[in-house]
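First up is the structure itself, then whatever we jot down about it.
We call the chains A, B and C, going by the order they appear; numbering starts again at 1 in every chain.
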Amino acid sequence: MRFLFDRDTRRRWFDVIMSGATLLCVALALLPLGSILFEALVRGAPALTPTFLTQSSLMGGIANAIQGTVVLIGLTALVALPVGILTGIYLSEYGKNRLGGIVRLFVDVMTQTPSIVVGIFAYSFIFELSLLGFFPPPLVFSVISAVIALATIMIPIVARTSEEALRLVPTSAREAALALGIPRYRAILRVVLPSCASALVTGALLGIARVGGETAPLIMTAAWNNDFFNGLNQPIAALPTQVYRFAVSPSLAENRAAWGASLILVLLMLSISIASRAVIRMRAVRR
Amino acid sequence: MSAKVHVDKISAWYGPKLAIQDISLDFEEHSVSGIIGPSGCGKSTLIRCLNRMHETIPKARVEGQVLLDGQDIYGQPAVSVRRRIGMVFQKPNPFPTMSIYDNVAAGLRLNGVRERKKLDQAVLESLKQAALWDEVKDSLDKSGASLSGGQQQRLCIARALAVKPEVLLMDEPCSALDPIATAKIEDLIFDLKKDYTLVIVTHNMQQAARVAETTAFMYLGKLIEVGRTRELFERPGETLTESYITGRFG
Amino acid sequence: MPQAAERKALATGLQKLNENMLTLAELSELAVRKAVDGLTRFDLETANEVFTLDQEVYGLQLEIERNCIDLLALHAPVARDLRTITTSLKITTDLDRIGRYGKDLAELTLQFRDKPVVDRGDVARIREMADRTISMVDTAIDAFVRRNAETVRNMIEVDDAVDQLHDENFRDLVRRMSEGQLSIETGARYLLVNRYFERIADHAVNIGLRVVYMVTGDWLPRIRAADRAKRHDGTKEKGAT
């Protein structure tokens, strides 16, 4: 047992064991992810036929749901990204006061609000508005209503991640800009924001991923539509709701289609992520 | 020689904490003024009051006057004050997302200058003034972050010079640099003083001795002594100054 | 004031410098004293000891000079430290010079071998010159050791008195030589002795003024040229400022 008392040997073994343990934890964390991808691929791939991808759900396809998800994500991002990033800018750059604290608390609470509650909120919000005569009643189940719900979910996520991203930009960068006599807002827009562009994009992606996968609030707002997008005031199909409907269907074929739709949803998120990262990389200055 | 910047009874706070107290001081035109003192003595705070950078910190407050050519800078828009009184910081801080060219041009561009010719001219001149041109003239489109520490600091000096300030404040500009880079910056300071009024805060007393014509010693937020650098280092008037510069100090 | 740093390396160096300076001062003063002794009592042995002392003085002076350069190079001293080191550097030259005059006096003693000092009046005058100058050297060294500028501030006035004495001696010697009371050779040697003491006093003044600078940072004017010019109508060449 002499080696036990040999410090160097003990240290070397400890190092090996700890490295092994960290690797094991990584594997544990990646396992569910791998399993999901694997399941979706194995079970969903057979469902992917040309018809499935090009026809609306009226004809047993998911093309309208893909389109719906893209439309919803696009419109939600259009609303939520500016609002969220501006909120983040406020929190990071101006919010070192009581109002900032309150806003931050609200944003945190909103991040943790169950999405079904958000769905109910959007539903009743639109409903109240229509009672007040702002919109005709059918609007309750509509793209608008869904975008309101999804934006409500996405804004706090984007706001918080942008705040964190902006905070990572060293004060020295801001000071450098201010000391050149550059007005504060311009320093933020032209110096601070570009410095944390990739972190901002990551935040936006996080929000988009979250929103793209939301099902519960869509059931309350977008409802279903077996046809393609036909107006902002009409219900709309989306991949998550489509997966849900296929999954609860008694038809075995539709159950299989649910896997196909899931796979498409995963691939969609993956491609959005890869594409935006590529854009960021292309914009970076040559070192 | 006349006072380019006249500091009149400046006090500054961070929240409730008094950082500098009742400081009055003159900075002469076309000369280098050094400010020395132990960490936390308020020397950085003082020069940040000279171009209104102090107030960019939340809850920071200033009282008193700073006259630039006889006019109180606290009665003018901060933005235009900072264009006339530039600043170089302790750590080289080039804009990380910008190329060398864009870094130097940033001050002009973000203040609305668009003409390419004007920008080219300013970039060339400033980089030459900052003794960096020969080293970067073939890589103006490279990131500013790709330069060495000393080059980055000279880039920051070029960036500050590009907006054509009258006064240049330097907050420990060499504390992150090696001796060779430091010597280059000091040479640069020597050259710059014929066109600018320079104020340099430094931890390194020998640096103040090397570059500054007058030196001020600060301690616990107060100005203890100010005088010709030679006098201050050969025969300081105050015991406190003496024990600080001879290193017999906590 | 916060707890003081000591700067141990510099402090040790300065202490060693101070000790060496003291030794050097003692050695050169001793050289002069012995030389005077040898001269007035016509003691050749004592005179011979002076040569050894002068060698020691010279060696120590070189060592001090090197130490000072090291301290300057390594510690970049400022303020009082700087003044102490540079003053020491300058004073060593004066002390070495004083030692050298001791040696010169001893050489004269040996040359007087065949014509020893006989005139009691001359011995007394040499004694007086010697006493005054040695006390000036004493005062200057004491001021250096005690870091006290007060005792040396009036050194120039004391020196004036020595200068006056020197001039009187000079005139007297020249007169006696021209009247034939004193041989030219002996008289010339007396003139040299007289002159050496006057020079030693000047070095004492130098030391004193440098001590004033070391302690206070003030540069005292070394010579009030106008006063001097009047008093010493060109008999001396040291008037250059």
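Methods note: contacts are C-beta pairs under 8 Å (C-beta built on N, C-alpha and C of every residue); 3 or more make two chains touch, one makes a residue touch a chain.
The structure presented is a predicted model; accordingly, all values stated were derived computationally and were not measured.
In the absence of chain B, grouping the other chains by touching gives A | C.
With centres computed as the average of Cα coordinates, no chain lies farther from chain B than C. Averaged Cα coordinates give chain B a centre that lies 51 Å from the centre of chain C.
Computed from the mean C-alpha positions, the centre of chain A lies at a distance of 45 Å from the centre of chain B. One finds 91 Å separating the Cα centroids of chain A and chain C. Taken in their complex, chain B has these residues touching chain C: 205-206, 209, 233-236, 240-243, 245-250.
Note for the complex: chain C touches chain B at residues 1-7, 10, 76-83, 216-218.
Residues of chain A touching chain B in their complex: 96-97, 170, 172-183, 186-187, 190-191, 194-195, 197, 284-287. In the complex of the two chains, the chain B residues touching chain A come out as 51, 53, 56, 58, 79-84, 86-87, 89, 91, 93-99, 106-107, 110-111, 141-143, 145-146, 156, 159-160, 163.
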